């Protein structure tokens, strides 16, 4: 494998990890505030649908993004209503959101566009397309730096850059702002937040809104940046993988970036390594290569990181009086 | 005779833009031409497929079309329970006196689009992205490889999207596979992957390369960017089944529809006309004639689960 | 003294579902005074104070602060009105630093940066003033409870509390720490601040308060000037009957050695040595008390002997036999050998609160054939057994099928004690047997422990209540920094033991 | 704002309240149906008639319910031990492999009841084996079981496709599936049981595994509330430190609990593989592993609740199929939506109507003195 191959794999890694990064960060806000969010999958899916629908109708990617975000936020508020206001079980609420998203996107898509739940193919003008950074072509011939800059850093769409900015931004919010301090506190001990005169419910709602916004970015990326339209069930389990990445990252923003890149890399590698023949072993079954990211994740989980300790108050509704 | 047609789609769903949609189109055509309405059903899982087939038979529908190899056993079972009803099974074979099994020579059609790809490719490297890794899809790939090599392609990259049903519906992974083939030099890519193919075609087009569609004519998806489509005339098979029952000339047994029977073909229309030169057209028509005449034998992957070359 | 009371509660009423926690409570707290509130477990003290702090909302009633009617809808309002509270169960974020905990809610801006320096400065100021030294960058969960409490006090003071409520603050403190706390409270009082102190300890009430109110079953039954009342009167008001305040016990008649601990060393999760090469023996028919400031290794020692925590070296021998199995000590095996264990923390260890009472009364003994029919539980036998214990220990309510969470702290403790003592163990380990338990129950528990000793059992008692150690133990061992620093004479006075607990006795002993 | 704690009469608590929740879910689904231009009342008629209208419908409903009982019980057992087994889907899949091995080996030589015993054992063993690694990793290495079981779902899917495509596929068949089992490898239908109620089973694959599921539900009840091991599972699940204190071995308890959970999941395969299709095929679990989570949650992890919730989901599955069959404009995904709303209202929002019902139905709470609850 030469350097150009490596750059190609890395570029694929970046493309494949972006939805994971957005979604895992979305989960980070929710779970750091003490709300488990297994509904990330559904939020991403529904946002993808809204983004594509609005982009189809208006022809504007930006309006699509707005719709995606709005959808993510609304679903988050539903999750919040169930799990904060009504103190329902957060996992059930999340599972419900996944079901609702999966059913409603197809039902509405079918009713509106008559294509079995798909939205029409989007023209490039209604998508987020690749941006070529300045001098990409000029630098390209320079060894090492050239391919790196023009093949990897340049030529991604705007949401990719936003995803990579969202990581340090989240870190900054979490550890450098008042809101972040409170979010971290409320996920550990809501009583401490309450007795400090801060509304636990409102704080958690705000964290969930952040979660919804990021999930909206993830969905939008799927349908109108990475692809050119919505396809039924297009989130395809990425929400669960992002959740895994979040745990793997021990709920820390910079770790989230690394884990998502790792998962993205395994995915990219599994695509590129298909059908290779290992000497003395024969052709590796394609199923093995496709299962490799999951197998490696299990091995990594078992061997290299210790216990992942979730935010202490996570998953339990805050109840003062029973 | 009395015709009261019904159709049960595969679990991919009615509007998949390729296989099932072709069945839908055939039914619609029958409806507009004869004014006779039909009933259809999209099962959610395998149990429901059998249930729907039986329901239709029980309610007196005739013929009942089962549009997927997945309904093989269901048709075998239900056809025994309702010997008076005519069944049509697409993509698989059931040997029963009241079942017509329709199978296509996808290898032949794929050979033709392979020839086009081989001729059109400048790098002489072409790609194939399949959906779920099953023998049927390997059959597509195998025909394509033979055609492309015959037309001078040096490398044919083949990838399958996945191993489960989800592989039909993963355009992102399809796109990545296409991208990786493009990175390796491929400039024409054939997608035989259901909805996943949409991602394959999109990626090929975005990268300034050419795509090849499948099952239905997909040339219109990206006008001027899709080299051709390997059409599988499921619509015709469905239409004929209805019409045969109507006219009382329904026959059971296996119908193998290849190039000769017009069951598979390559698509040429306004959308891809500028892409296909006259020489290419001539070459592909010659290949077609050779296959029909038997001068060229396309190896069928499913006969021995092997692909030469 | 200012005649307007700092706090006045008028007709406060509060129900939790069917429980009427506060009934038409009237209370007036004079400005610049220390006002004590006592009452049995579940009398409604914490509830009342939480209402004042805006944590709970009263169903009806009025709160006057400085004579002004105030609608306290949330803790923010209470804080603004100058009310601070140190909760019975601390309200700290355990993986935060001291600084972050103090800042929470008063960050002083959208960004933390500015506020941080301000808080740091203010903390130094307060620390100096009251001698409350805590490292602002220490992580809460790594601090001993005494220090954690200081953080709670710092929080209240930093928020400018004029009225400071402390809910059972000394339950977790050593005598020295408690003394320090009281000095600080006096200092606050001298500055004109008002203190409300909830406690079960009558001695503390007598020592420090100006006024004392007594609650019973949700009602405010009396308010007295401290100078004009006696412990006996308060105790009687609290429980509604006379109580004995001293443990009656005869001479011990020690028999053969039952438990012997040899060179035991225990490390905690981070590898810090908590118990350092400790050896001692406990004989049949004696109570050995381990005194020490919380966090000096007593808890770890007890858990290591009970097999819950792994010892890194050393041996534990019972009746002459080592108790480990392939180097591991197993609580189940220990129980079979006749070791019973009343853990320090009944909520987290001794009980499963969501279980029925009868289920908790077999916890740890679930493999006793007496409770089993093959692999199945013998429900009848278990319930019958539970009822016997309920009767014998006067556990109330006397319902073995009630969820354990619905029993009060004292009754929960009795459930644990009944379970462990009625096994007729050869050796009993007891940790903090009366923590947070009211006077009536304490009396019962103490009597039971002494009678067990008189039956010839070996008892190892760990308690941070020096009074308890002194009145129950036949021999006292003092632990400091993971080692046993001395064995004071049985009737040594409090000061001598206190010095040892502070680590000063060590040089004297060497 | 205190939530009223008045005790509701049992019929309200266990009857009216859940019914109300499900009704709201249906009402909202009705609005959606209205929104896409169809008549919701008619839709409900079709749904109910399809699921409960005749013997065949009921039999189909119970066929689906059988799947959910198994996976619901599996999730519940793990829940009691404080473990979230999200890997039902993969365990069912592997269980199918066990069933297939047993059936393929014996169907030509043995009567069905012999095959069934071995197939049940094999299904349990294979499902349990698939749960073993996540369990062991959780117990020994502290790997998060939620993640490992999710991963194992994906790995199971890959493994099964590999096996079906490359190893046990019937030669010459297009679909990756085994050959059809003969009579000795198929579970008999429960036509006679339906007959007792004067109903005709029709062609529904309602079969003996329903009875096995009911036995399993009873066994789970016994296990959890009546055995020593169940006591240990519950102790570990509710208070881990108390479990250590009580001398309950963590590793063993986690592993055995998960083995039981995985085994129950695996047993589900009996129903579709041996009871219906008579062959092993790709993707036969069809999401039942995930529905099990919802069922366990809705049924409060109690076998009786699980059986009831499973039947509710069975009604949705069968009624939904009938609905889509008779009203083609309502695509089948409306069923997924209804399921989602049922989970939302009956699960996450289960208490939303409680305060109102308390006002309506609760007897006036008797005043209890604060410490009358038992101050020492």
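Quick notes on this structure:
Each chain carries a letter (A, B, C and D) given by its place in the written order, and its residues are counted from 1.
Note that in this section contacts are C-beta pairs under 8 Å (C-beta built on N, C-alpha and C of every residue); 3 or more make two chains touch, one makes a residue touch a chain.
The chain lineup, named per UniProt: A, D = ABC transporter permease; C = ABC transporter ATP-binding protein.
Only a predicted model underlies this, so the values are computations on that prediction, with no experimental measurement involved.
A centroid comparison over C-alpha atoms places C as the chain most distant from subunit D (ABC transporter permease). One finds 37 Å separating the Cα centroids of subunit B and subunit D (ABC transporter permease).
Per-chain CA centroids place subunit B at a distance of 76 Å from subunit C. Centroid to centroid, with C-alpha atoms defining each point, subunit C and subunit D (ABC transporter permease) lie 45 Å apart. Within subunit D (ABC transporter permease), the positions touching two or more other chains are listed as 2, 5, 158, 161-162, 165, 331, 335. Shared interface positions of subunit B, i.e. residues touching 2 or more other chains, are given as 133, 163.
Multi-chain contact residues of subunit C, defined as those touching 2 or more other chains: 16-17. Taken pairwise by the contact criterion, the protein chains fit none of the simple patterns, being neither a path, a ring, a star nor fully connected. Of all possible chain pairs, those that touch are A-B, A-C, A-D, B-D, C-D.
Against subunit A (ABC transporter permease), in their complex, subunit D (ABC transporter permease) makes its touches with residues 2-3, 5, 32, 35-37, 84, 133-134, 137, 141-144, 146-148, 150-152, 154-155, 158-159, 161-162, 165-166, 290, 293-294, 297-298, 331, 333-341, 343-344, 347-352. Residues 82-83, 86-93, 95-104, 106-108, 110-111, 116-117, 237, 240-241, 243-244, 247-248, 285, 287-288, 290-291, 294-295, 297-298, 301-303, 306-308, 321-322 of subunit A (ABC transporter permease) are the ones touching subunit D (ABC transporter permease) in the complex.
Residue ranges of subunit C in contact with subunit D (ABC transporter permease), taken from their complex: 15-23, 40-44, 57, 59, 216-218, 306-308, 330-335, 341, 343, 345, 348-355, 359, 362-364, 366-367, 371-372, 375-377, 379, 395-397, 406-411, 413-414, 437-438, 440-441, 444. Across the interface of their complex, subunit B is touched by residues 5, 8, 12, 15-16, 110, 114-118, 121, 124, 129, 222, 226-229, 231-234, 236-237, 267-268, 271-272, 274-275, 286-287, 290 of subunit A (ABC transporter permease).
Against subunit A (ABC transporter permease), the residues of subunit B that register as touching in their complex are 13-17, 21, 133, 158-160, 162-163, 166, 169-173, 175-177, 179-180, 183, 195, 198-199, 202, 206, 221-222.
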